[in-house]
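First subunit A sits with subunit B, and in the next complex the same chain sits with subunit C.
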Partner chain A sequence: MTRLGDHIATGVLILLLLAAWEFAGQLKLVADGTLPPLSAILLRLAAEWREYWPHVGATLYTASLGFLIGNTVALTAAVSFCLWPVTERIFRGVNIAAFTVPPIAIAPVLVIALDGETARITLAALLVYFPTMTAAMAGLRSADPRAVDLIRAYGGGPLRTLWLLRLRAALPAILSGFQVAAPAAVLGAVLAEFGSGARWGLGTFLLGSLGRAEPDRLWGIGLTATAIAGLGYALSATLAARTTSLNRAVNIGIAGPEPDTASEAPVRRALLLAAAILMPLLIWQAMLLWADLSPIIAKTPMGVIDYLITGKTASSAQTRLLAALAETVPITIAGMLLGLGFAFALALLSFAAPLLMRALLPFALVTQTMPLVALTPLAVLIFGRGITVTLVITISVTFFAAFVVLAQGFAMIPKAAFDLVDAYGASTLRKLRLIAIPASRQWLFVAARLALPKALLGVMIAEWLATGKGLGNLLNQSRGYLDYGMIWAVAVVSILLSVLLYQLTPVLEWVGRSDRRSK
Partner chain B sequence: MPLMTNRRRFLQLMGTGAAAGAMPGFVSRALAATPLTMQAAWINDAEFAGYFAAIDDGFYKNEGLDLTYLSGGPDVIPESSIIAGKADLALTTPDTTIKTIVDQGAPFKIIGAQYQKNPIGIVSLAKTPINSPEELKGKTLAVPPVNVISVEALLAINGIDRSEVNIVPYAYDPTPLIKGEIDASLDFTTNVPFTIEQSGEKAVSFLLYDFGYKTYNDTVVVTEEVLKTKRAELVAWLKASRAGWNANFADTASYPPKFASTWFAGTGRTIENEVFFNGAQKPLMEHSGGIFTMDAEGIAANIETLGRIGIKATPDMFDTSLLEEIKG
Partner chain C sequence: MQGLPLQFTNVSKAFSIKGKALPVIDNLSLDCPAGSFTALLGPSGCGKSTLLRLALALESEDSGSLRIGGDSPRSICRSGAVGVAFQDAALLPWRSVESNIRLPFEVLGRKRPDAAKINGLIELVGLKGFEKARPGELSGGMRQRVAIARSLATEPRVLLMDEPFGALDLILRRQMNLELQRIWSAKRPTTLLITHGIDEAVYLADRVIVLSPRPARVLADIPVSFSRPRGAELLRDPAFHHVCDRIAALLDPETSAASAAAETAALETSSVTAPAKTGTTA
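Moving on to the complex of A and B:
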């Protein structure tokens, strides 16, 4: 099929899906009319656009500043980590914490510790940092080792390799990181506006509009946020597509191995590990010193330990926290497996049926930027307030980043790899089985790292909005009791739990390898 | 602070200068006036109409105050703002404030009460009405997580076992109530019945206050430090704010439309809703001694109510001496 033909087919598919939405809305098929028809949403948006754009301006401002700051930090960090691998080891704890922190757990802490505007930009930047940093790292390491050897042979040092080779090789990966980072920045901005008492912003507009019980307004706000995020995504995706097609011809595209640490002196390893663990605590302590806040509201690491373990509050706090964890942890594990599975299925679909996937993509993006709080009535009316709604919300929160990485992974498979099977007239399914799935293995672990810690966020959101159980509910009730110790404790415990989930990836990787060996 | 300036400039570039300029607390600073900052409990709505009226009509300025008004939101804990020194006074819920004084030794004083009767209540549809705590048995009630403490108190006071009511989170949107997914929700009775009637249903509600949960709401709270150093300013604030509320209540339909392009611009809510809110809150706020009055009977009722849920309030947490100064 021609390129033009492809575009037409994708367009027709999208139109069909939109028509189905309109039909379902008009006939009130979904949750007694809680899903409004698309036309109602768009007409209302058109009628109210004057009300929207100060909010759009404020959200764009917060999201772009967050995007800029988050990416600057991320790229600087990735380059430093690449030039001086030891820094990567020292900052590993900070990186993992920055990534795994559930935004809804950290937002109240940020609002307590910083002024509103700074808190909002910080949250957006925080959500941007990790996707770009990891993507850039993977890209910088993916440079063709033969070319690295060549530059070395001609006397080029690490800086020259970086400039001549690694940065260029990393460009597609960095841009794929931006694809995740752009919607994340918008989501972070909207979430922070929602909570922080901002006067303007789509999050503020959403909060005020929630009480009206008018789904078309809520969808209008959500779709506006989606449009902004989509713009960022589309820009990065277009750039990525260009550079990928340029690169594919010259780049074998096999990621270089992570620096080997097995031969290292045990003392050095232990010191680096200790540094990695202490670094986040040092930064936490330093930030509080700098912010100069009352110990009642701002808990230091020692303050949290006192609250949870040594102080007079310990036994009550532990009881409540453990009860909440017992409700939250099992469903988080189930949700994360389902989310990853869903991402893999979508990525396979994008390989086997790229047309259909391209048509589905805009709808997938909506799930990332449509604030879940606006969809709560729809979710509880369809899925109730039990395990189902929690799993659905968790999948919707986890799958997207993993999907983008996997789809990018499939796209990075060199065309040459397919030439042989193509020559034998292999079907798409056969190509999947013989080449794409085995080749995607390394990407699956990158994807898992992005998806796993997000599962906890999904579960906490569901608990906060729909089920009223577990850690998400404990966090909100603690706000009602002004239980600052618990607010900080939940933030810390949710980060630790996410780190734990993140550490599951190497286990999965190991299982994956032994699986391959046994064949 | 530089960030805020930048953002305002940015918004002005985007053409919303009018909106930003309409926040007098931020922009128009009289040189002679003493700065004072208040932290509200929620986003801009009729709950704070009296303060907006007092700002717009120059009541704070006349008292020598340059008031900065900070809006609230779900993640903003008003008490945090005064502990952190971001604000001099905050509007709070008395149960959380007093619990923090008791449990954590927070240095707070309550110097006034905006609502004599807490406006939170149980709202249900008229076709399936719930008119008393007793009728909540076996029903699903949506409650914002921060208010679960109040509902548990209501149930305890009325001798109902907590396990007999299915409490689920309330996520600000009344749609599940209108669609019958839940039987009732806890909300400001001054607010949500309007939305329900807009959707073509009829709403019924009862106040927690009327079934034994006799607390104030939007209590005016300061730290002991601010009470010591800014006493004159706080008295001036009470005086100007009372004047603002009196002006606003002279005709509850008159002020909200005036704020349509300023305080209420872009909040996502309707002016009709604010007018309804303003009318409904008037009887909950008025007192023969004037707005913010805390009389002995009211303080005793708060202490008794909180005592029933294990929060040991004492009369010295309420400081009525500032209100004494603005009598008459």
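Moving on to the complex of A and C:
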């Protein structure tokens, strides 16, 4: 009964928020009408439907193929990492790069190295790979260790364990990975259309409509892209819900032990680390060999080193790159911190006012499934082309993942801890201060790791599309000037920057840990 | 099908924790004759489970040897001659009761057993009517009974059980003890039961082995010669309680040293495989 009541209250709140949107649109309350009323957007969309569908079809095609290929690679990788743990360590560099790579930086490079269609599908697949791979790995490893023992006790080897137990046990995790991967595929497709000069696709459509300053058209395209991404999300979520209910029944949360590397020979460890660092470079080189392109267009690792460090272009390239970095890095960090802060506030809100949170969640989900590039022009309409727009975009891309992690962290605080302070009559605020906030500290760092690479992506997109500053702009300009060396250099530097920031969070975590002095 | 003898000879095993060696089993010898029922008792963390994992080839011994029917544990386990039940039922939640019991056949790569056989096992453990149920729909005790049925599915000649009734309440535990005795008497697989329940050990086994705290050594080897079948009335027999008290004294850290010395003296007057009937009455 109360659950039904909750659902009704949530529904009413959502309707109220939609009504507020319509109202604000009709009265042109937001930035002089850049937020059109919902009805106007939908009417325009209905009227222009014929114009939409070839674009929708093209994006769907790219995203679906990317989703299929990316997931195939991800599942194959996860299975092999699970069967032969050493392969995971060899591919660690590739995995971190795949997670941290700002897709906007790699899109032009892919377009140079591959033909348009392949490049678009590759980018979509690349963005799909990481979420599915990590989810599948976690799922394969989460198999009940007792059941693993049981199968081994009857003489079953790793393959039989995989077949009879691990794959099925991992199914819910894999499907929840698909939930993240499906919107990512759409984002990849739209981003690639944006940079590859495709004739069709929502990205192309958006690019063509950018100059026309018609908010309702832009919103229409944005909502269409969101709907496609949301559809993929919903499909995977439904499938996941069905399989999870069965698995959850008796599973106990004991994860298998992480492989112990402390007792390993130092030489072997060093070799594996070297392999992990070299692997991405090898793949890069191999891809170029396979594509068989002129070294002027397609730079090898040595080519980039020549361009940036040893060649005669080096000093000019370095100056431009450093200037761009000086603009991009501070705002990335600022944006990430604000995004984390926003996520934290939202998580606190969801803790203090669950009902309001449930009503806001669909809107938060929209910002997540709505491809960034579709969001950016709208943000420009509302916030102009200054620093604010960069920050707003960065916050909107970083907060959701961080919020999910933090909210999960709050949910994992034992209920008994709250009951204790409740028994002493603590207010909600005091409960937050005494228990929720201290308990969520460790989750904050997990959230930061997730948010950082996304923050860089958000900043670069804003720079490319809106502010004309920093790395994003440098990339865009270099495309215009056909400065291939710089395109490759920006791609490499932005990946390195992202990896560096990513590796920095554990260090911060260590510094921030208060109990380290006690040891 | 006859049981197979199970022999641990001078077995030692150490684990490495953060690079440091932690001896878990120290030069342990134990001989379980074909068709015998041995119960292993010992303080928590003493290495009982490791012993069982060695017999299942889930771990390998550092030194010494382990033979089941004269063969290595690995090849015996692959032949399907060993049945196993853990403290946790370890059922696959997406499979029905029937299908969970069939699992060992799939692992061993054998052909599907006929339905009558599986149904017989389900009936044996008192789960008739639950053939199609999923583990999530069963109570803890029922799940454990499925695990027992599964351990018996391959008609094992060696039965290894690690606290199979640990999660059950006392009443259910007694019931299951009766069942296990009945099953064991019918097929006589060589059985090694790890348990925390002294009364359970004495009630079921021919012989109770008390292990020392880690690293595990045999502290005492106590024959239990009450006649079979053993009924519920045995639980009220003073002789039964006398054996239980002796074992409890061995397990209690405060009295353990003195009791162990007494038991060792008793052991030295006889061989390990044919111990004197110290203090038990049939």
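Following the convention adopted for this analysis, the second predicted complex is superposed on the first by the 396 of 519 C-alpha atoms of A that agree within 3 Å, B and C clash if a C-alpha of one lies under 4 Å from a C-alpha of the other, contacts with A are read in each partner's own complex, and residues count from 1 in each chain.
By definition in this document, a residue touches a chain if its C-beta (ideal position, glycine included) is under 8 Å from a C-beta of that chain, and two chains touch if they have at least 3 such contacts.
Given the structure is predicted, the values throughout are model-derived calculations rather than measurements.
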item	value
First, second, both or neither for A:117, with subunit B first and subunit C second	first
Partner chain(s) touched by A:36 [first = subunit B, second = subunit C, both, neither]	neither
Partner chain in contact with A:160 - subunit B first, subunit C second, else both or neither	second
First (subunit B), second (subunit C), both or neither touched by A:168	second
Contacts of A:150 with subunit B and subunit C, given as first, second, both or neither	second
If touched residues of subunit A are counted for subunit B and for subunit C, the larger one	B
Which of subunit B and subunit C A:215 touches, first, second, both or neither	first
Overlap of the subunit B and subunit C footprints on subunit A, listed as residue numbers	none
Contact footprint of subunit B on subunit A as seen in their complex	31-32, 34, 51, 53-55, 57-58, 61, 107-108, 111-112, 115, 117-118, 121, 194-200, 204-213, 215, 217-218, 293-294, 296-297, 373-374, 376-377, 380-381, 385, 463-468, 473, 476-477, 479-482, 484
Residues of subunit B that touch subunit A when the two form their complex	1, 3-4, 7, 10-11, 14, 16, 19, 23, 40, 43-45, 70-77, 79-80, 83-84, 86, 96-97, 99-100, 104, 106, 144-149, 167-169, 171-176, 178-179, 181, 191-192, 195-196, 198-199, 266-270, 273
Complex interface listing, subunit A residues touching subunit C	144, 146-147, 149-156, 160, 164-165, 168-169, 243, 246-252, 260, 262-263
Interface residues, subunit C side, partner subunit A - complex	16, 18-19, 53, 56-58, 74, 77-80, 82, 84, 86, 88-94, 103-104, 106-108, 134-137, 143, 154
